[in-house]
Amino acid sequence: MAKRIEVEDLDIYYGSFRAVRNVSMTIHPRAITALIGPSGCGKSTYLRALNRMHELIPAARVEGRVVMDEQDLYAPGVDPVDVRKHVGMVFQRPNPFPTMSVYENVAAGLRLNHKRIRKSELDGIVEESLRGANLWEEVKDRLGKPGSGLSGGQQQRLCIARAIAVKPDVLLMDEPCSALDPISTHAIEDLMAELKENYTIVIVTHNMQQAARVSNYTGFFNIGGTGEPGELVEIDETPTIFSTPTHTDTEEYISGRFG
Amino acid sequence: MAKRIEVEDLDIYYGSFRAVRNVSMTIHPRAITALIGPSGCGKSTYLRALNRMHELIPAARVEGRVVMDEQDLYAPGVDPVDVRKHVGMVFQRPNPFPTMSVYENVAAGLRLNHKRIRKSELDGIVEESLRGANLWEEVKDRLGKPGSGLSGGQQQRLCIARAIAVKPDVLLMDEPCSALDPISTHAIEDLMAELKENYTIVIVTHNMQQAARVSNYTGFFNIGGTGEPGELVEIDETPTIFSTPTHTDTEEYISGRFG
Amino acid sequence: MSTPTKSRPAPPETDPPGDSTRLVRGSLPRRASWGALGAATLVAAVVAALTGFSVTLFVLLVVVLYTAGMYVWSRSAEGRRKAADRAFTSVVTSAFLIALTPLISVVITVISRGAERFDGKFFSYSMRGVVGDGGGAYHAITGTLITSGLATLMSVPIGLATAVYLVEYGRGRLAKSITFFVDVMTGIPSIVAGLFAYALFTLVFGAGTINGFAGAVALSVLMIPIVVRSSEEMIKLVPDDLREAAFALGTPKWKVILRVVLPTAVAGISTGVTLAIARVVGETAPLLIATGTTASTNFNPFSGQMATLSVFSYYEYASPGVPPEPYLARAWTAALTLMLIVMVLNLVARSISLFFAPKTRS
Amino acid sequence: MSSIGQDAVQGRRARKRPADQAFRGITTGAGVLILVVLAGVAAFLLIEAWPAFVAPAEEIPGEGGLVLYIWPLVFGTLLAAALALVLAAPLAVLIALFITHYAPRRLAQLLGYVIDLLAAVPSIIYGLWGFTVLAPATLTPTGWLAENLGFIPLFAGPASTTGRTMFTTALVLAVMILPIITAVIREAFLQTPKLYEEAALALGATRLEMIRTAVLPFGGSSILSGSMLGLGRALGETMAVAIVLSASGGITFNLISSGNPATIAANIALEFPESSGVAIDALIASGLVLFAITLVVNMIARAVINRRTDFSGAS
Amino acid sequence: ANEESGSGDGSGLSGTIDGAGASSQEAAQQAWRAAFSEKNPDLTINYSPIGSGGGRERFVSGASDFGGTDAALEGDELSKAKERCGDLVELPVYVSPVAVSFNLEGVEKLNLRPATIAKIFNQQITEWNAPEIAEANPGVDLPDTPITPVNRSDESGTTENFTDYLSTAAPNAWPHEVSGDWPVPGGEAAKGTSGVKSAIDAGQGTIGYLDASQAGDLGQVAVGVGDEFVSYSPEAAAKVLEVSERKKDQGEHVFAYDLARDTTESGTYPIVLVSYGMACGNYEDAETGELVRSYFEYILSEEGQRKAADSAGSAPISQALREELRPAVEAIGANG
C-alpha cells in the first residue's frame, strides 16, 4: 500500500486541444498532496490522468509518463482496469450507486472484481472500510437501506469507503468537500488525516484554507488564458508554498489577488 | 435606477423544509453587497427570493417582507413578472440562449417587453448594453454569430449585458465568476465596479478574496448542520467584516478555519 | 443574529424621489377565469340550442369564447402580454382536454359493446365446436400471450443489446447507420412485416409453415426498433457519474454496463419494453398472414396455426355467421380484453419501474 | 495484491479482456443483426416485387401499368399521413407543454400515463371506433362544409352520407400518432435546461414568453423527430385505414366525399387476400414504394435536424 | 373448458387438417367444423378465411390440405393444382344468394330490373325517384334522395359474382369487365360484408350488394328475371346451379360452373355466389387424404348442407347434384 508516483513531462489532450502542459512532479506516499489553482486550469484533467480515467472521454489522450513502482502506467500492455484497481478515486459530487444498499455500495468494488468471495469475509471488509471512512457507527443499523438515502456528507464518506474497500495504493479526490456543508467537511478532513497513514492521497480543492489545513504538499496550477493549456507553476511542501512561494503568480493567487 | 431594498424577517421554505431563517437586512443602492458562507447555507436560495425566482420551484414559498420603493414585493397583487423586470439576475453558469445570436441575446429582454421597437432604437440599446458589459469591442464584428460561440468569460458578460438591457434597478449575481478562469474573472470584477455606479448589486460568492476586493458590504450566512436552516450571522461594511467581525463563526470562516 | 443595521456612515446618495417602481398593475379578480368560463358556457349553450344542439359545436364554442373573452378582458385590465399568456394557458389546456376526448370515447365504446360477452365462459372456452352463440376466446388469449411473449423474448435481448451498443460503444459509420435504419424500421408497415415473415418461413421450412413462431418473428420486426429507441434513451439518462465511479473501482467495462448502468436504467427500460409489447400485442395484419387462426387451443408455437385476440376479433367482425349478433359481441369483447391486457401491462410496467427505480430517499 | 508490473507482464501478450471483447461483440452483433433483418426485408420486397416491374402493363390490376396502379396509392398515403400530421403535431406540442409546464406535477405524471395508453390501443380498435363512432359524428360538420365552403376544393363534396371519408381517416390517424409525437416532445421539453428557462424568467418573461424563448427553440429538433416518427406510423397504418376509409376513387383532394384514394398499406390489406399472381407482385411493389417513402422521410428529417444543430449546439 | 370434456374416448378420427380460402365460406365452415369435430373429438380442422386468392395460392403450393375459393381454378393455377394433386377435386360446396339491399326511409321493398341495377351502380341513375325506378314500382312513394351506391373496398368473390351478373344480365348498361375489384370509382366503399352492411345502415339513400345472410332487416330488392321480380331465397338461389352448365374439359373431378345469370326461368334468383371446395386425389400422407375426404363427405351430406343453411344462411345443394358430386368426393385421397 501507499505507493510513490513519479510524473514525467505529462501533456494531456482533449482531441487536438492540449488542456494540460508538461507536468512533472513526485507524489509522495503516506502524505496528502493538494492541487490548487483557478478554475479551468486542468486540475481535474490532471487528476484523472493519474488513474487513466481520462481516456474514457472519446479522443482524449496523454503524452508522457506516470511511473508507479517502476512501472509506467501508460506503457503499452498495461491494462487501465488494473491501474484503476490500484489508484482509486473519489469525486466531487457524492455518487453512491442508487440501486444498491449501503452494504452493496461498499462491497461493489469487490463484487464487481472477484468472482466469489465468502459472505463472512465480505462482511468483514465492508465493516472495516466503513470504519475506515468514519461511517460505521452512523450506518451500521441501516446497511440494507439505499445508499442514496444518506446525507451529503455521509454519502461522500460512503464513496470513500467504497473506494478503500478495494484496497488501492493511491486515493485521488477531486474537490471531495465542495458539495458539503461545513460539518460534513470537517468530518471528511479528519478522515483524510487518518487515511494518509496508509494511503497516498492526492486532492484537488478550490479552497486554499483546506489545502493549508490538510495537505503536506501543495501544487499550484495556472493557465495563461482561455484556450491556453494549464501548467504546474510550482509544487512544494505546503507551509513553504503558503509562506514563501517562488512564483509571484502563486503568491497572488494565494493572497487572493485573483481567482 | 438603483433602488434600496429592505428585507424584513424573511423565512424561505422548500415545501415544509425551512432553508433560510429570519433574515433582515438593508441592501444599499449604488453599492455591491456580497453574501458569503459555507455551501448549503442558503445564499442562492436567499438571492432568488429577492426577485421571486424562488417560487418557480414547486411548493417553494417565503414568509416575511422584501420592500423596495415602499412596495412589498410579496404583497398580494404584485406580479412576479414585473418584479423580475426590476430586479435582474445573472447566474453561476453563463447561459446565453443557444439558439440566438449575440445581438438577439441582448435584445431578448426588450423584445419581450415592447410590442414594436424601432430597429435603430434597439441597435442603440444593444450597443449601449454591450458597452456597459465591457463586451462591445470584442463582439461588435460578430453580433450575428451564436452567443454560445463566445468564451466563458465573454458569455458571462453577454449575460450581464442581456440583464442590464432591460434597465433593471437591482442586479443579483449568483457566483458569477465561479465557472470562469482568472482573466475572465478580472474582467467581470472590473465590470461590477463600474456597474455599481448605476445599479444596486447583490453578489453571492464562494471566494472571500473576491468579496473583499469588490464589495462595499458583506453578509455572512451560516448553517447549524445538515437539515438546519441557514441564517444571516452578520452583515456590515466589508472592511469591518474582514478585520473585526462581531461573531467568532464569521472570524473562523474568514480565517479559513472551516468552509 | 447580529446587528444587521447598526449605525454606519452616510449611505451613498439615494434615488431622486418620484421615479417610483410600478409593480402593481390592474389585475383580474381571482375568480375571473371561473366567471368567464361560466359566461362562455352560457353563451355557447344558447348558440348551440339555437342552431340545433351538437356537442362538438358546443365544446368548440366554449373554448373559443372563453379564450377570446379572457384575452380581451385581460388585455384591457392587465395589458397585452398578460392577456397573451392567459389566452395561451387556455389554448394549451383545451388542447389537452380535446386530446382526451377520443380516448374516453374509445374506452366507452369498447367497454359498452364488449360488456355483453364479458363473462366466465368467454375466458374459459375456445371456439372449438361452437356455432353461433356461446364459445369464448380462451384459445385466442393464450395465443396472444404466446406470440407476444415469444416476440418479447426475441426483441428485448436484441433491442437492448443494440441500445447498449449505440450508447456505450457505438461511434462512427456503423453506429450512425444502425441509428438511421432503426428509425426506418419503425416505419415498416405491419402488414409488410407479416408478409416478410410468411415468405421467410416458406423459404426455410417449406410451404404452409404458418405458426405462432412465424407471427412472433413478424411482431419482433415491429418491436425491435421500439425497444432500441426507448432503451437507448433510458441508458443515455444514466449519469456518467455512476459509470465513472464504477470504472474508478477498477471494473471492466462489460461489468460496469451489466451491473451498474443497466440496473440503474431498468425502470425506464421496463416501461419502454412494456409499451413496445403493448404496441404489438394488438397487431392484426401480420398475424393474419403469419399465424393464421384456429378454433382450438394450440399451445405449440412451432406447429399449427394459432388464434390470437386481434385476429379473432377481426374475423368475428369481418365474417360473422347468421345471426351476426353473437359474433359481433365476441369481436368487441375480444377488443375489450386486448385493451385490458394493454392496461394491465402498463400497470405492471409502472410497478416494475417503481420497484426498480433508483431509491433517492429511504 | 498484485502489482501493476506483474499484470503488465502477463499483458505483454493478449491482455485483451476476453469478457470485454465478447460483450462488445455481442452488442455489436445485435446491431448488425438489425441491419441484416432490414436488409432481409428490403431484399424480400425487391425479389417478390420484381415480376411486377417487368410484367406487361395489362397484367397489372387496372391494366394501366405499375406506375398508374401505384401512383394514386402513393397520393392517398401521403395525403392521409400529411393531414394526420398537420392535425396531430401542433396538438402534440400543446399537450406536451401542458404536461411539462402547466399541469401540477402529480397530475402531469398521471396525464402522461393516460396519453401513453392511447399509443397502445390496438389499431383494429381504432378502426372499429372510427367506423362506428367517429364517422357518424363527422356528418354534420362535413355537411356544413360542403354546403358553405364547397368552393374550396378540399370541401367540394358531395359530402359522404356515412362519414367514412379521408377527413375521418386523417382524424383517426391523428389520434393514433398523437401519443407518440407527444411522448417524444414531452421528453425534450422536460430536458430543456432549467438554466435557460430561468434566464428568460429573470428577464421578466411571462410563462408564454419563456416558452417561446427557451423551451420551443430547444425542442425544435425533437418536435421534428417526433413528427417523423408519427408520420412513419401514419404512413404504414393498415387495419384502421382499411376499416374506416371508403377507398373507391382516384386522385382527389376532396376530403369529405365517398370517393377517396386508398393508402398503400390499407390497399395491401384489402387486396392481398383475394389476389394471386402478378397482382400480388404489384401489391408488394407498392409495399416497396412505401418502404422507400419511409426511408426518404427519415433521411429528410435527419438532414434537417443535422443542419439545425450548429445553432442549437453547445449547452 | 369446452375442449377438455369431449376428447379422448378414442372413437372417431383424429389428427389435424388445415384449410384456407374464401371468407364467404367462413360461417359455413365454422358450422361444419363444429358439427364434424363433435362427432370426432380428436380431430382438429382449421380454416383460415384469408380470401379466395390466398386460398388458391396456398392450396396450389401445397401449403394447405384443402381450400375454398369463390372463383374456380383457371389457367396456370389449374394446371399447377393438377400437378400438386395428381387428381384435382373441385366441387361447389356453398351456394349463397347475394342480396341487393338499400336503406331508404319509408321504403322496404323495391323491384329493379337488371339494367336499372347496373345503371344505379354505374352511377348513371343518381336519384331514388328516377323514372326507371318509379316505372317498376307503381304505388311506391319514392323520395328525391340522392343514391349512394355502396361497394366492397376489398377485392372479393361477392363483387366478382355481382359484376358477373351485371355484365351477363345487363350487358348494355354495364360496360365494365368482370372482376373481384369494384370497377367504378367514386362510390362508397367498405371493407368486408359487415363493412358494406354497416355502411348501408349508416347512410341515407344507400344501396349495396352483400351476402344475403347478413342483409338483416335492410330494404330488399326483388330482381327482374324475365317478366317477374324474384326476391332472394335459398331455394331460388339453389335453382341457378341446376340450370347452369358444368365447364367442360377441366378434369374428371372438377365441377366448375358457368352460371346462368341471364336465365329467365321462373322462380330463379340469379345473383348467387357459388363457392368451391378444393382437395386432392393424392396426398403425401394417406391419413390426411382420409381426413379431408371424410370432412368433404360431411360437407356435402344432407346434414352438412342443412347446418350451413342454418348458421350461414346458404342455399342447400340439391339432392340430385349431391349425387352427381359423390364420385368426386370419393376420389379424394383415394390414390395415396
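For clarity, chains are labelled A, B, C, D and E in written order, and residue numbers in each chain start from 1.
Convention: a contact is a pair of C-beta atoms (placed from the backbone, for glycine too) under 8 Å apart; a residue touches a chain by one contact, two chains touch by 3 or more.
Per UniProt, the chains are A, B = Phosphate transport system ATP-binding protein; C = Phosphate transport system permease protein PstA; D = Phosphate transport system permease protein.
Since this is a predicted model, take the numbers as computed values, not measurements.
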item: Chain located farthest away, centre of chain D as origin (C-alpha); value: A
item: C-D or D-E, whichever has more C-beta pairs in contact; value: C-D
item: Chain centre separation (chain B, chain C; CA means) in Å; value: 43
item: Distance from the mean Cα position of chain E to that of chain B, given in whole angstrom; value: 83
item: Distance from chain E to chain C - Cα centre to Cα centre, in angstrom; value: 42
item: Residues of chain B engaged with two or more neighbouring chains; value: 81-82, 112-113
item: Per-residue overlap in chain D, given as positions that touch at least 2 other chains; value: 17, 132, 206, 209, 269, 272
item: Residues of chain C touching at least two other chains; value: 81-82, 252, 255, 289, 317
item: Chain C-facing residues of chain A, complex; value: 51, 53, 56, 58, 81-86, 88-89, 91, 93, 95, 97-99, 108-109, 111-113, 142, 145-146, 148-149, 159, 162-163, 166, 168
item: Complex contact set, residues of chain C against chain A; value: 171, 239, 241-252, 255-256, 259-260, 263-264, 266, 356, 358-362
item: Chain E-touching residues of chain C, taken from the complex the two chains share; value: 121, 124-132, 135-136, 138, 202, 207-210, 288-289, 292-297, 304-305, 315, 317-324, 328
item: For the chain C and chain D complex, residues of the former touching the latter; value: 54, 56, 81-82, 84-85, 88-89, 91-93, 95-96, 98-100, 102-103, 105-106, 109-110, 157-162, 164-166, 168-170, 174-175, 177-178, 180-193, 195-196, 199-200, 221, 224-225, 228, 233, 252-255, 257-258, 275, 278-279, 281-285, 289, 310, 313-314, 317, 331-332, 335, 338-339, 342-343, 345-346, 350
item: Footprint of chain B on chain A - complex, ascending; value: 38-41, 151-153, 178-186, 206-210, 212-213, 222-223, 225-227, 253, 255-259
